[in-house]
Amino acid sequence: MNNTVWMNQLSWVDYQTRVQQDQPPVLLPVGALEQHGPHLPLGTDGLLSSAVAADTAALVGGLVAPTLSYGYKSQPKCGGGQHFCGTTSVDAATLIGQVRDAVREFARHGLTKLVIVNGHYENQWFLIEGIDLGLRDLGPDAKLQVMRLEYWDFMTPDTLGDVFRDGFPGFALEHAAVLETSMMLHYHPNLVRMDLLSDDGPADFPPYDMYPPRTDWVPASGVLSSAKDSDAVKGKLLADEVARRMAEALRSGFERPVQ
Amino acid sequence: MNNTVWMNQLSWVDYQTRVQQDQPPVLLPVGALEQHGPHLPLGTDGLLSSAVAADTAALVGGLVAPTLSYGYKSQPKCGGGQHFCGTTSVDAATLIGQVRDAVREFARHGLTKLVIVNGHYENQWFLIEGIDLGLRDLGPDAKLQVMRLEYWDFMTPDTLGDVFRDGFPGFALEHAAVLETSMMLHYHPNLVRMDLLSDDGPADFPPYDMYPPRTDWVPASGVLSSAKDSDAVKGKLLADEVARRMAEALRSGFERPVQ
Amino acid sequence: MNNTVWMNQLSWVDYQTRVQQDQPPVLLPVGALEQHGPHLPLGTDGLLSSAVAADTAALVGGLVAPTLSYGYKSQPKCGGGQHFCGTTSVDAATLIGQVRDAVREFARHGLTKLVIVNGHYENQWFLIEGIDLGLRDLGPDAKLQVMRLEYWDFMTPDTLGDVFRDGFPGFALEHAAVLETSMMLHYHPNLVRMDLLSDDGPADFPPYDMYPPRTDWVPASGVLSSAKDSDAVKGKLLADEVARRMAEALRSGFERPVQ
Amino acid sequence: MNNTVWMNQLSWVDYQTRVQQDQPPVLLPVGALEQHGPHLPLGTDGLLSSAVAADTAALVGGLVAPTLSYGYKSQPKCGGGQHFCGTTSVDAATLIGQVRDAVREFARHGLTKLVIVNGHYENQWFLIEGIDLGLRDLGPDAKLQVMRLEYWDFMTPDTLGDVFRDGFPGFALEHAAVLETSMMLHYHPNLVRMDLLSDDGPADFPPYDMYPPRTDWVPASGVLSSAKDSDAVKGKLLADEVARRMAEALRSGFERPVQ
Amino acid sequence: MNNTVWMNQLSWVDYQTRVQQDQPPVLLPVGALEQHGPHLPLGTDGLLSSAVAADTAALVGGLVAPTLSYGYKSQPKCGGGQHFCGTTSVDAATLIGQVRDAVREFARHGLTKLVIVNGHYENQWFLIEGIDLGLRDLGPDAKLQVMRLEYWDFMTPDTLGDVFRDGFPGFALEHAAVLETSMMLHYHPNLVRMDLLSDDGPADFPPYDMYPPRTDWVPASGVLSSAKDSDAVKGKLLADEVARRMAEALRSGFERPVQ
Amino acid sequence: MNNTVWMNQLSWVDYQTRVQQDQPPVLLPVGALEQHGPHLPLGTDGLLSSAVAADTAALVGGLVAPTLSYGYKSQPKCGGGQHFCGTTSVDAATLIGQVRDAVREFARHGLTKLVIVNGHYENQWFLIEGIDLGLRDLGPDAKLQVMRLEYWDFMTPDTLGDVFRDGFPGFALEHAAVLETSMMLHYHPNLVRMDLLSDDGPADFPPYDMYPPRTDWVPASGVLSSAKDSDAVKGKLLADEVARRMAEALRSGFERPVQ
């Protein structure tokens, strides 16, 4: 049988066998098509969430479903905003619907463990609504449990301390910055242009949002915080920790069946 | 003319005069009907967001629209979760629709400054979507600008240091805890039952969510962090700072017309 | 325990105790933010529906949930129309969704008696749809029953005869007119400007509607029928009768469990 | 050229010629598939609304679009309720969508006068929402005006006095009663079973609604008020007056172009 | 009892008796209001689908529900496109909702056999979605089965060979062409203008679609393929075969109860 | 500058440069996660539509946006049906929304040429609706044109004659059969298990559909027609022709700006 982690490369017969024999977790990566400065590609969020999902799946015998490649609308403070060319986003209803449908379908397969692996900050609450509505559709007797996570929440303070020698400034401005750039250098070095690093940032935002967005609050490069200390070694350190700790989370999170 | 800040107490003639003469900001508080432990009332989020909105409006000559009293579904890590009796929430589509309609209607009035004052963490992203869709409905020539904020983001580190002598543990578990309880003691002392303070917390959550929610992750009281050091003096300190700094934000945020 | 009728002032623990011990009816007032002439405030419909709901709740040991303050779009013949500044309305889908969600949530609390108290004529059919969809969501085994009413339907011909010495002209034009003004003088005298009564009306409408609305069919004041004979005594007479008869309706209407 | 009033019997070329040359009003009848007692057919509301629309169109050179044959959910007090076999209704969103789409499409044709002719009481507010959303889609420069009416509102007190010798009891219980039965005897005598008239009614309802509906409030026949004095002469009297006065309304209502 | 096949002409009592005694299939025709060239009326698709539905119902003791007269948006390659005056279409959501509601309602009646008879090519996939969502609403225990068909798929190659002596060119361009025109000559000869036959066609389309549609791809008449060999004899041949074979399909398709 | 065809591998700066300098077409592949028998992977439709899109883009200097990997619900006659384990589909509203959002976003980028490359038969009409609604959102002045196609419509009769020596049986049953298997052997030979070819088929379906679907109409393998004559040479022949002719279509289809 095909031992790949990628669900879309399995025949339905092999997938069914896996589901019935092993009750594997299926990981559904969710990304975005969003500006990540001049040095990282538009697809960074989907590439990273699927990469850590694949590493995790390899550790626990799981599978990775096809990535949702279009995310919720980019916001100035976390992704630069919707005014950038190339950022290609969906409305809330679309993302909610996509996740709701996925929950219903994976439950029909007989799956009991679905993991939504989010790689784009703006997606979070629409994933929650999609899961909630999907489980409502299934009714109270469903056997499916859904775990939802942002992969960067599995980085420990120790590791962040190693990566940021001058102190971790927080996740707030880490868009197209050291964490994402380092992980891209680890997973997809050929897609990173270190020669085009922007000096922009750190961006400074007031404690409120304005709509229509104030585009002049955001550096023209789209980079909210400098990525200049990024390297592949840091990327590997982060990626390995995330995958290892996500694997542990899958083991403990699904230990109990539905209450 | 009626000098109240409460829009629903104005006649349409007085409201129209205010809008046409002063271009006042209108503040729309958004709360929730959600468990806040045994010592705070279900309506805490709406009561606090409307109170700070009213204080702010008084400082800047603004108006306060009727509160949206039902918020998005409570999540275990920030509000305890939907399994509590009394928590009464709306789906994403409902909250998005309510805000979208409000944006369209206030623009029709000729208003140029709308401020969404959020008092319930879970609401944030659905407010964003509602504003975005409302502005899309209005088209590119609309004169209305919308500010969106969570009121607690206007507390400064200095003040939080004064309130939390042993160090501010962060907003994460501040549900029905020191900040909200102190502010309720300031604004609505008769609705606080200090004799019923729970000793629960601080709650300890893993870096992922599970659905259906793991109700045993949440203290039975619904309190995520102890409120025992709360008092009205701290509440006044926080409330005054929030109103003062929100007033400044309104002045600077709306300085420029739509780009 | 807190004996208030206002649900948002109860802690979840007190609310749960009330629901489990007494199976109280919960009354959900629904209003509007709508022009009511130069003499009544924009919030009249929500203020009156919540006031009669509170009086009724006090008589039967019920509770009053937070008012839905924004109603369906104002129509020329019953509310003057959407062209007035200050009238702030929602689309059908929003109001339907709000009620649908409320039905589902109150059923989850274990409540068996929900009463939708409508104070804005235009809301009626969207409340019906919201209730219907909410009960459909709950399925055939739900224990919740929902009563829906317009509060003015509890005024008897006798009382209306007392109020209107020259004969009751019918509810059709009673927007911002004698009934509402008198009840506001009873409940909220400080919000009524009797010095600003309009002489407009009675408005005369053809037996059809036109869209876009013919704004010249509606008096410029927004008053469809004169309020000049209003007084607080009449208001109390009406309010007392409505509350008393609504209380009787709650007792008889919920006598039987779901069929 | 084909001189029929029925739009669906015209070729598009003839329809286009009519629209461009005469700017005729198009009447869109809206009915229901709903129990009307043992003596009237399920399609009564659609049959009557299309019949009066056709008579009116003949008087003013108008056209009649295909009837919307499925109406909003039947309510106990006006149509008996949804528990009757044969009653086949649509959700609010469906009816709203159907009308919204129609408004947009007729405007695209270059039509300036659309008349929604309602024959089912429960439809009214969803037609209003459909028209409002359709006109919103079209934007402020649209040339289309929409008239909306219930055909029975064109019966004068004089005529109702002639029909009801003992006094007109009001429209409230006139479901499957004298007015509809008489008009059916005029338009479709072969579809009326006068031998099966029910003696039920008048039904007596409290001033509130209960959900799930109390089916025992409604006579088992579905008839809310006796139809025993119905005859075709009364039907013709009513039908002629309705058509004549609707024709006048079309002439005066569309006299002015969009404001 | 009334022996008509037309459901809207039956009283609810007669309908209920039919449903309970005979478990008849109910056929729901779905058409469109769409240009069909200068020689056929706008309502052709609804007229033909209801005519074959009625013929079929007569053969199997079935009933015909009121036609859905407005179809999905016309496409250039199959119906000429939305730019024609008179074509009056609905959005996907509207048609899906109409069918979903119908499925739910007919199941409530106790019906077990519903047949959607499509007469407008563009409707197909939205009917499928409507049926799927309706059955999802009903849940897994529903007794209703739904058959869905396009009536022209019941024409056999032999008969098409008889009709097209030079070879059947395929259904692709058969809009307002020989098949529809012949069947209209059989069912509604007075609505066909053979003197206005267009010589247009056959239209020639590339293997892709363009949006906004390229209106110059479509003949100005709206006719995609000549109807000049149409006659009523061919129409009767086709109509009889369709009705006979649809009747057989109903007998065999509903032989088994729901799995 | 990065010369890849894959949009998600470009930085936003490079993408913007490409869009502004070359006005490249962007191709959006749409697939499905659907059973394709025991010998082909679940992701076949997305893999093939993105592969032909990439080949086409290479010929015309275009770009390929991330694939929509989840398609509309599988139907028995074209994809085997929804009862297969592994088939993971979306509701109509989700797919419509995804395409509508994409149309709006690509227009915002300043793109003028968007090509929807469909690889899953069931998607077709929901793509049409998504494009139509997206263009409606953009309004009449938009510069974006959208081409929509099924890639297999670019195979010529000559080539199909070469592939099927005994005559091309038509696209109807070509699910997981010779065309798809040969193209997968060309593009992804390591994902094809020729040792697991099913002998099933050709499936024989009646001229109607049944819902709930009759799963016994579909071979247990999910294969509707044998793939036994598939090989990589045929796959290359087909793939090359499709890419070449799609490239021609892009050149001629977008020759003219929006009308």
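Labels for the chains are A, B, C, D, E and F, by order of writing; each one numbers its residues from 1.
Keep in mind that, in the parts below, contacts are C-beta pairs under 8 Å (C-beta built on N, C-alpha and C of every residue); 3 or more make two chains touch, one makes a residue touch a chain.
Here the structure is a predicted model, which is why all the values come from computation and not from measurement.
Any chain bridging chain B and chain E, meaning touching each of them, is missing here; the list is empty.
Annotation: A-F is the more contact-rich of the chain pairs C-D and A-F, by number of C-beta pairs in contact. Fitting chain A to chain D on CA positions gives a rotation angle of 180°, reported to the nearest 5.
Averaged C-alpha coordinates give centres for chain A and chain C that are 47 Å from one another.
Taking each chain's centre as the mean of its C-alpha atoms, chain E lies 29 Å from chain F. Multi-chain contact residues of chain E, defined as those touching 2 or more other chains: 91, 93.
Taken chain by chain, the contacts form a single closed ring in which each chain touches exactly two others.
Interface residues of chain F, counted against chain E in their complex, comprise 72-73, 75, 91-93, 96, 122, 124-126, 128-129, 131-133, 135, 145-149, 153-154, 206-212, 214-215, 245, 249, 252-253, 258-259. The residues of chain D lying in touch with chain E in their complex are 6-13, 15-16, 19, 33, 35-43, 46-47, 65-70, 82, 84-91, 93-94, 97-98, 100-102, 105-106, 108-110, 191, 193, 196, 222.
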